[in-house]
Structure formats: structure tokens, C-alpha cells
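Remarks on the structure that follows.
Per-chain numbering from 1; labels A, B, C and D assigned in written order.
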Amino acid sequence: MKKLQIFIAFALAGMTASGVVAQTRESGPWWPHAQWGGNDQAGASNRITPEKILEALSIVETGQVYEIGQVYEASMPLVGTRTYGMKMLATGVPFGDNRVVYNDEMLSTEIGQVGTQFDGLGHVGGEVEFADGSRQLVFYNGFTAAEIDDKAGLRQLGIEHVKPILTRGILVDVAAYKGVGRLSGGYEVTLADVRGALERQGIDEDSIEPGDAVLFRYGWAQLWNDAAAYGAAQPGIGFEVSDWLIEKQITVTGSDTTVTEVSPNPDPSLAIPIHQELMMKNGIFNIENMTFEALSADGVYEFLFIANPIRFKGATGSPLRPLAIR
Amino acid sequence: MKKLQIFIAFALAGMTASGVVAQTRESGPWWPHAQWGGNDQAGASNRITPEKILEALSIVETGQVYEIGQVYEASMPLVGTRTYGMKMLATGVPFGDNRVVYNDEMLSTEIGQVGTQFDGLGHVGGEVEFADGSRQLVFYNGFTAAEIDDKAGLRQLGIEHVKPILTRGILVDVAAYKGVGRLSGGYEVTLADVRGALERQGIDEDSIEPGDAVLFRYGWAQLWNDAAAYGAAQPGIGFEVSDWLIEKQITVTGSDTTVTEVSPNPDPSLAIPIHQELMMKNGIFNIENMTFEALSADGVYEFLFIANPIRFKGATGSPLRPLAIR
Amino acid sequence: MKKLQIFIAFALAGMTASGVVAQTRESGPWWPHAQWGGNDQAGASNRITPEKILEALSIVETGQVYEIGQVYEASMPLVGTRTYGMKMLATGVPFGDNRVVYNDEMLSTEIGQVGTQFDGLGHVGGEVEFADGSRQLVFYNGFTAAEIDDKAGLRQLGIEHVKPILTRGILVDVAAYKGVGRLSGGYEVTLADVRGALERQGIDEDSIEPGDAVLFRYGWAQLWNDAAAYGAAQPGIGFEVSDWLIEKQITVTGSDTTVTEVSPNPDPSLAIPIHQELMMKNGIFNIENMTFEALSADGVYEFLFIANPIRFKGATGSPLRPLAIR
Amino acid sequence: MKKLQIFIAFALAGMTASGVVAQTRESGPWWPHAQWGGNDQAGASNRITPEKILEALSIVETGQVYEIGQVYEASMPLVGTRTYGMKMLATGVPFGDNRVVYNDEMLSTEIGQVGTQFDGLGHVGGEVEFADGSRQLVFYNGFTAAEIDDKAGLRQLGIEHVKPILTRGILVDVAAYKGVGRLSGGYEVTLADVRGALERQGIDEDSIEPGDAVLFRYGWAQLWNDAAAYGAAQPGIGFEVSDWLIEKQITVTGSDTTVTEVSPNPDPSLAIPIHQELMMKNGIFNIENMTFEALSADGVYEFLFIANPIRFKGATGSPLRPLAIR
């Protein structure tokens, strides 16, 4: 319960007014360092132990695999000025007596942050006021921008430090619980929604354990082929549910929207604050732009979840092929 | 011998039906189409059935995970004129009252063909003379360059068609069998070597079943940080072992070198011919630039093998985070 | 008529010498080689001699410069699946006692073929049937795809071979002559239009000399900020005018549309055929996506034209900052 | 003489100790804004007036063009982790009855900062202490990082604001003056060297006028094909000569090395300080990695200099095809 107390203390101390007060290095619940030590760069993936993996594998009964990631292509919804250019190179002329030829491709894109993506711990931070009055950009575990920034890739917190993610996955089908095809843009999913959905699915809230993946279906993947609609205001979780996820000590959350959290935030002064809550403060990962339509149709809510980010040294995130196996 | 007879039937049927003339190599009976049908684009990944997955999961006893892929970074060995540019973008200025900032990166590279890579079925083909005297570039399942080429990605045989790879993995530790730290560059691994290594490891050759992953350790990963040495002549398998792999109906092979096959080929007139044998003719995948040093040190030769290519639409290959779990 | 006779001689010589059969279009006597010799890679830029440059410089009277190229940015009209991604990299942390920092950027794009662009001689070719019945892809001066293709850049006909372009520029203001703000999409500019426009501008047709740049204003640049409208059917020249340009032995043409030629071609079976006439057959360059609104407003029709492609080795084209100076 | 006095005041006030003291917004010779006004983004290119262009054109006597830029290719010397990837895309299959095909390429690189390059005003800045004690990153004309930073390109000071550069060019052949093939790495060119070289060339120092381009030949281009040697310690100008250039009110300088200034600086605590002197404080541009071997061989020291950066919106620099015409 120690963790819980720390969390509550943080919530009380830190969330006055706008939800995140300026902190000093000496104080605040995520200072001076993460629970896994001051050098930790793996965050909540530390919870994926061999025992956890064995437990997750034991969930599988049929061997049926669900693809819950999207295919990467130029027409997919992209945030802001991001681009995705994958181009086939010239095949060239045959060589050798076996007349071999080969194709390859050039990919140019913000690869960790387009399409289905695994947000790493160097992706989102915040400006924090230190005790000496200076203001610095800070990321997970107190790493500052000055400590991690490098044109050639993050010097700390790169995605290569994330441990393999094979864990128990739980899908919270909020759209089905609310009896809608998909939630409305801008709707904040409440804890009551989450509990109602779990109850509907026959999953005991107390069965959620440290290291689990808790994923949310909003029904938003139905808009994947309509970039304008997909990119508009989106439903998602807010502080209430993120507090609960942190308390549950999960390893990773995720959803079928671009940011998992409600966007825009009901408090218009805040910009993707749940990203800070989960990643920056607690080392919990976030997987975006998945699709759970098939899982929902089949009523599959608990499964072996496999989501291993590609180890691009110094990257902020990774493309992903997440799988749910039952 | 059943497999071989099927091959011959194919060869006969193919020459009649589609008007394709015999290949230069007698064992190339991949016409008129693959065993999974003329439209198939998944190749030997079709062998990964739910039953196969259940069988593979049952191998796991401890939950211990081995990373058998390399980290992607600018200093890694690259073939020819390939480039790898991963650059951190400007963090930008904090926004919102929560003063959030985010990092992202631009990656520009032949991503399916650098570092640890999963070679897809659109990667390697060959020029073939048709019955009408014309010569065309042909890939797996008879798809021609004219049918698949597109500047924006392959129209057929893109990596997105490969089914998830969770299967039984077998490591053939050739270097350990030969009693060397690593094999010599240019050495062709013989079938006797493979059988000797399996026997040393206590694995019955007949236990290798359709859908398995058979991986080869040459010890070459020890040179990963020395690009010049790594990229010189490499040990690997030749026609003898690839014929055996094809007969065994495996799904995927791979190794700790750039091409898995011996390079250069002992017949200097041939250029990466085993790529054609495996991929072009038989739909068997090839994973390159892995590392098996830890598996070898621990004597782990049989495991759950997870190697799911990222689904970049129309790509020839994919970066990968292959895992061995015992 | 001298030029035409040379063409015919080429046609006769070409069919005999190199075994190439006649082209579908009678006016395509570009075999066996260009008039500048079989190894030439500079095409009509050979016409820019020191004398030509002196003549061009002498046009300048006021020193006033007109920018006739567009700025490159993500929102500009792009053809097909082309992409333009320019991203600022992380500034990094200050270093040295002088606390220096530097910005740089990553650009990923089909740089020779987006925005204002200089089409080089390796850009457009065609499939040609040879005397032996074989069909090959052929480019300027008879270079075949097999001779120039390389994943790392063209081995022949790269843009770096184009000589500096400082020459006399003539703007043919077709839109002004026709009394419209801009021509209609799909309208083919006739030779009568060109002659009428020149007469209106007080330029004697016979004053057009070898090495000149003859540019066409259709008024299309007004649509630059509306990518959909800009990219629809465009006005432009056809065979009649391109024959005239070839006869005039100009060095470069260009316009304020994407392809300079009428698009689609009035003969719907033909795809950008004027590109083949100019570049492939005659080595005449084509600059696309310029803007002449200011020149037209000021009635400036003759000027020093500066348009030097960047020398990217093996590129098919180049971004450009074309200038008109009067 | 006003400008000169300001400069001297700056030199006295600012160059104590390390050459750049912390400045406040209210004080300092380049505050509160540049001589061309607080909104200026064109810097010393403002000096290229129509009159200046006419004067420059009048230098030309023969029309002979010298290419003084390098060709861009993968093997060229690159700084740090920069990459240059230019790849030919798939030609595709012929289309239309005219069987047209086209090549294009993907370029991925820090394009403004590789090879022959035109350094813009958003490229180099410095951390400055403001009167309130805060420290900010500042660029030309007092623009702060917060004001110009954007992942999609600089919001201010982008290279597109630089006016066309057609001006009088003067080559200072320091290597020839010193009687060596090339200067030694780390040698700081003195003002006496510059004056001696000009005298040897018969150029009166007083003839250097505002808006001129003053370029330095160190002989370093001879090492272009040896990236390791080229990238080692380089000769170049220091504070003494940059002060003189600033006093002369030139528009642009440049050389045949990577940074034009001596590298490393004789004061090891300083990192490329001349970049700050020229660009950040005075809006004077710098063109790097040129080659003057042919000019030197022919004894051509005064010429029409054409060096127009490509207008990539928001870029820090540009590739270039600089020309010298006599």
C-alpha cells in the first residue's frame, strides 16, 4: 500500500489548480527518481518478469491470433506535419548466372510516432521549475532535456531500453458497455465506465495485477480510413482513470485512438496531460492507434498480449505489430 | 519423398499451364504457383496455425526471454550504399498549463533491409525466360516485376501479408559443433555439420516439423561492432542445407550473418542463390543479422520463437525484435 | 529546314547502325546518338557557351530580379504519392564557452521532382522495340535502363552533367494573349497562340536563337495554394509547339504547371508524350511549377534567365531557384 | 563610420575574456535588433541591390564559368552523424501508347548542412543571459529559440528569406600567397595574410565594398576525396579577419573547408565562434566546402559570383551550385 499512499500524496500535492504544479527536484512523487532506481530507463516494463510471462502464456487456450495493430501506409491518419514516405527503390539489373534481383525500400517518417505506435519514455516530458528557480524540460526518472537530447537519438530513455512485453492483456470495451458503435469525440471515459465495462465482461477489477496491459476500446478504429474524422476530437481516459491505472501498477495501456486520453482535455488549459501522468511520472507505456473490432465482435477480453517495440537506439517510440492471442 | 514428388508435379504442370520454361536449376519447381494457391502472398507463414502456436507455447518452461536481435544504430554494418539516418527532431517549446513537450524522430533508411531484418517474399527474385522467349523478373508465386512494382510500395508480396510468427525455434549451433568461436568466412555449412550439431544438442532430426524455425549460429555476431570484418566473406549454408530445409517444410530460417547463406557462393558465378531457393521458389523466410551468443552460452537450443515483421504496406522486409523464450 | 534534314539523316543512320527500329512517332530521329556525340550527358545545355552567356548578360538593364520559382513547403501540390518532409532536428545543448548552438534539418523527399523542378535527362524515357525484337527502356542518347539504373543514383545522365544555365529567357505570356487570367485545364496551346503572344509582346519569332530559354505562362500559378485545383487537368503545349521548340534549338522550356505540356493529352492514349519529345529525343530540359505573375504584371518578357540545377550525383532532377533579371 | 564605431564598441565591450560575454536584451551591439530593422530576416543579403547586381554583371568579360561547388554524393565528407542517402526509386512499368517511364529519387539528408552549403541565419546561435537572469538561445536579430523553433521548419529566419546573391566575388588565395599547396590544419589566417594575398593578386583592399563576397582559398579542396583527412583540423580565419569582414560590410564569405573559420579555434574553450560573429551578430552568410582550384590555377580572383540558396521554407541552409564567371 506504500505505492498507493505515495500516489495519493502526489495527487493531493500536485494536482491543485491545473493538475500539475511546478515541482522541485527535491520534492514531488516522481523525484528524485523512479521506483526502479535513479538509472532506470525501462520503466514499467520492469514488471514483466519471467513469472509474469509464464502467467500470460497460460492464458492461451486456442492459439488464435488477433492482429490488433494497423497496417502502415501513406493514407493513414497522421498528426500535424508528420509524414510517411515509403518508396520502392530501383530493382536494378539481374546479376550472377542465377540472374538474381532484389528490391528494397526507403522509409522516411517519424516512425516511432506514426500509425500504431509504442510511446517510449523519452517521448513526453514537461517543463518543471527547480528549487533554484530555473526551469528545465524533464522526462521520466528526472532525466533533463540537456541530459538526453542529441540530434542522433536520445542519449537516455531510448526505446531500446524497454523490456519485451509479453503479458496478460485486458480489453476494456467501453463502447460496447455504453451500447454505442463508438464513443463521441471529446467524451472522457469515467472510472464508473471502466468498472461497468469490466463487470459486463465478467472480469473482476481486483484481478488486474501489476504488469498487466489494460487496453481501451472506444470504437474509434472504425474511422481509420477517414483521416479527417479520425483526427478530430477523440474520446479517451482522463485523470480519474489514469490514477486508477497507476494504482493498479500496470505496465502498458493503449487504445484505438491517437492519444488514448480524451482530446481535447475537458480542462482546455491542459495539453495531453495524461501522457505526463503515465509516462513521465510513472513509466507506464501507451500504445496508440490499435484496433479491437475483431476482439470485440468475438467477445475476447483477456488474452496473451505481445507488443515488443523495435529497438531503434535512441528513439522515442516504435512501430509495432501488437497481437492478442487467446 | 512426398515433397519431392509434389515438386516434380509442379514442374510438369507449370511448364504446360503457364508457358514457363524449365529453370536453370532442376529443383526449382515453383510453377505455376505456390502450394498455397496462385494468389498466396503469405508463403510458409501459412504453416503457423493455431495448433502450431499452441505447440510452440508449450515449449516454455521458465519464461526467460533472450533478445536475439541487434539494436539499430548508425554504426551497424550496412550493405553497399544503404544508409541509416535516425534524427531527433526539435523538442519545441512547452505548451499548455501543464507545460508539456514531446520528442519525436525522423528515420530515413532502407528499413526492411538493414540491421536485424525479416526478408519478405518481394525482396528477392530472378530473371526467367518464358516459353515465348521473353525474359521477365519473377518473384515468389510467379508474380512478375510488372505485377508488383510500384514506386509507393509493392502491389503484391508486401511484408504485411506475412502471418504472425510464433513457432518452435531450433538453434543449430554450428560453431559450437565445430569447436570454434566462429566459422571462417566463406565456409559452406554441410548437412553433415547440421546433423552433427543437432546430435550434439540432443535434438532428433526427425523432430523438425513443418512450420518450425531453424536458425544457424556461425558465431559471426561477435564481429557486429567491426563493420569491415562483419561485411567480409561470411560462412553460411548452401544448396545442400537449403534443400534439406525445404524438404523439412520449415517456415523460416535465419542466422547471425548478413545473408544466412555462404557468401560468396563456392560457385563464383552465382549470387546469393539460396535466397532464390528459399524465398522465391519456396516462400520460406530468412532472418538476418541476429545474435545467438547468449543462447549458445546457456545451451538453449529449443524455444518459443517470436518474430513478427512490422506490417509496412508494400515493403520488402521489416525490422524485427526476435525473441527466444524458454 | 537544315535541322529537319539532320533529323532524317539520324533516323536513317540510326536504324542501320545500332539496329534500332523506327519509333512510333516519325519525328523521333534520336538514334544512334545525340548530336553532341554518343557519350553526351549534357544535352541542350551544351548550347550555353561563353558567347551565349555574354549575350544573355547584356540583356540586363536595371538589375531588377524576379523570383520565378516557388518556395518549397509541405503544403505545396505534389504529384501522386510523392512526399515532402522537412524536419528541424534537436538544437542540442550549448557548447563551448561561447555557448554556441546550431540547428539543422532532415529533408526527405523526391527532391528532383517536387515543387519548382528542373527535369534532367534521366527522368523520362520510353520502352522501345529493338531490331532483334527485344524491348528495352531507353533514355536520352540511347542510354538504356540497364546502363543507367542503380539504387544509389543514375550511373549515366545524372543531373550533375547539366551545364550552368545562364541564358536569354523569353516568356510567352499565353494567358495575357488570350485575354484570360489563366488558361483552362486541358487546353492545348497552339503555335498560333505562341506566335500571337510573341507578336503582342513585340518579340520577333526569328529572334529566338539556339540556347534560349522559352517559358510559357498559363496563369496556373494562381492555383498554387490550392493543391486540388492545381493538380487537375492543366493547359499546356502539345506536339505542334514542341516541334517548334525543337526546331528553334532552345536549351530549356518551362512553365507554371506541373508538366508544361497539356495534361491530359488530347489523345487519351498518350501519357506525357511531350516529355519524351523534348528530353528523351532532343535533350531539351523542362522546368516545372514556376510562377510568372510578377513578370506578366510588369510586362517583362525578355531577361537574363538563371536556372542552375543543384548537382546531386545521379539525380533525375533538381530543386531550383530560377531567376529572371532585367 | 557609424557602423564602425558600433563595431568597435562591441569588440571592446564584448570580447573580454572568451570573446563573447553574456549580454542582456537591452545592451550589446547586436541588440535590440539588426541594422535592417527588428523584423529583418534577410541579413546582409539586403546589400545586394539592383545597382550592386549591375556592378557585378559588369565584371564579366569572357563569359567563362567556373564551377566552385562540389558534387553531392554519398562518399563526400560529412560532419558528425550526418547522413546523405539518395536513392533511385523503382522505374515502374511503361504506360500509355507512347510507353513512357519515369525515374525519380528519394533524398534523405541534412540537406542544408552537407556538402557545399549556404549557411542561413537560423543555423547558428548562442545561449545569452538576459537582464532578468534568464538564459535563452538566441539567433540573428535577437530571435529566440522559442520564437523560431518548430519541428516542421524554422518559423523565422528560414533560408527562403535570403535575397538572391549575384555580386562581386573576390577570391583571397591564401595558400598561393603563402606559397604552399594547402595551408596546415589548425592554422589561423591572419589579416596580414589576407592583405598580402590581395596585394599579390593586385586587388586594392579599399576596393572591397559593401555587398561583396569575399572567399578564401586554403587549398583544402584537394582533400575532398579523403573524408578523414578533410575532416581533421582545418585552417581558417579567426576573430581578426572576421572583424575585418564585418567592417567591410560584405554580404557573404566562404571557403574550401567545412567551417571557413580555423578549427579547432586557437582558444580551445571556444567552439566555432566565428560562426556567431558573422551570422548571429552581423547577418553575414557563410558558404562552406567550395573548391577554388581552377580559379587559382587560372589566376582568376575577381568575378561575378552567383550563389542562390534554394528556398526550402524554414530551412537552416541550402545546397548550392556556386558559380564564378569572369
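In the analysis below, a contact is a pair of C-beta atoms (placed from the backbone, for glycine too) under 8 Å apart; a residue touches a chain by one contact, two chains touch by 3 or more.
None of these values were measured; they are calculated from a predicted model.
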| item | value |
| --- | --- |
| Chain whose average C-alpha position is farthest from subunit B's own | D |
| Comparison of B-C and B-D by number of C-beta pairs in contact, larger one | B-D |
| Length of the line joining the C-alpha centres of subunit C and subunit D, rounded to whole Å | 30 |
| Where subunit B and subunit D are represented by their mean Cα positions, the distance between them in whole Å | 48 |
| Where subunit B and subunit C are represented by their mean Cα positions, the distance between them in whole Å | 44 |
| Residue numbers of subunit B (touch at least two other chains) | 74, 81, 85, 87-91, 103-104, 106, 108-110, 145, 149-152 |
| Subunit A partner contacts - residues on subunit D that touch it in the complex | 80-81, 85, 87-91, 103, 106, 108, 151-152 |
| Contact set on subunit D toward subunit C in their complex | 18-20, 49-54, 57, 60, 62-65, 67, 69, 71-74, 82, 86-89, 91, 94-113, 122-128, 137, 145, 149-154, 160, 163-164, 166, 269-273, 275-276, 306, 308-317, 319-321, 323, 325 |
| Footprint of subunit D on subunit B - complex, ascending | 74, 81, 83-85, 87, 89-93, 104, 108-110, 145-146, 149-151 |
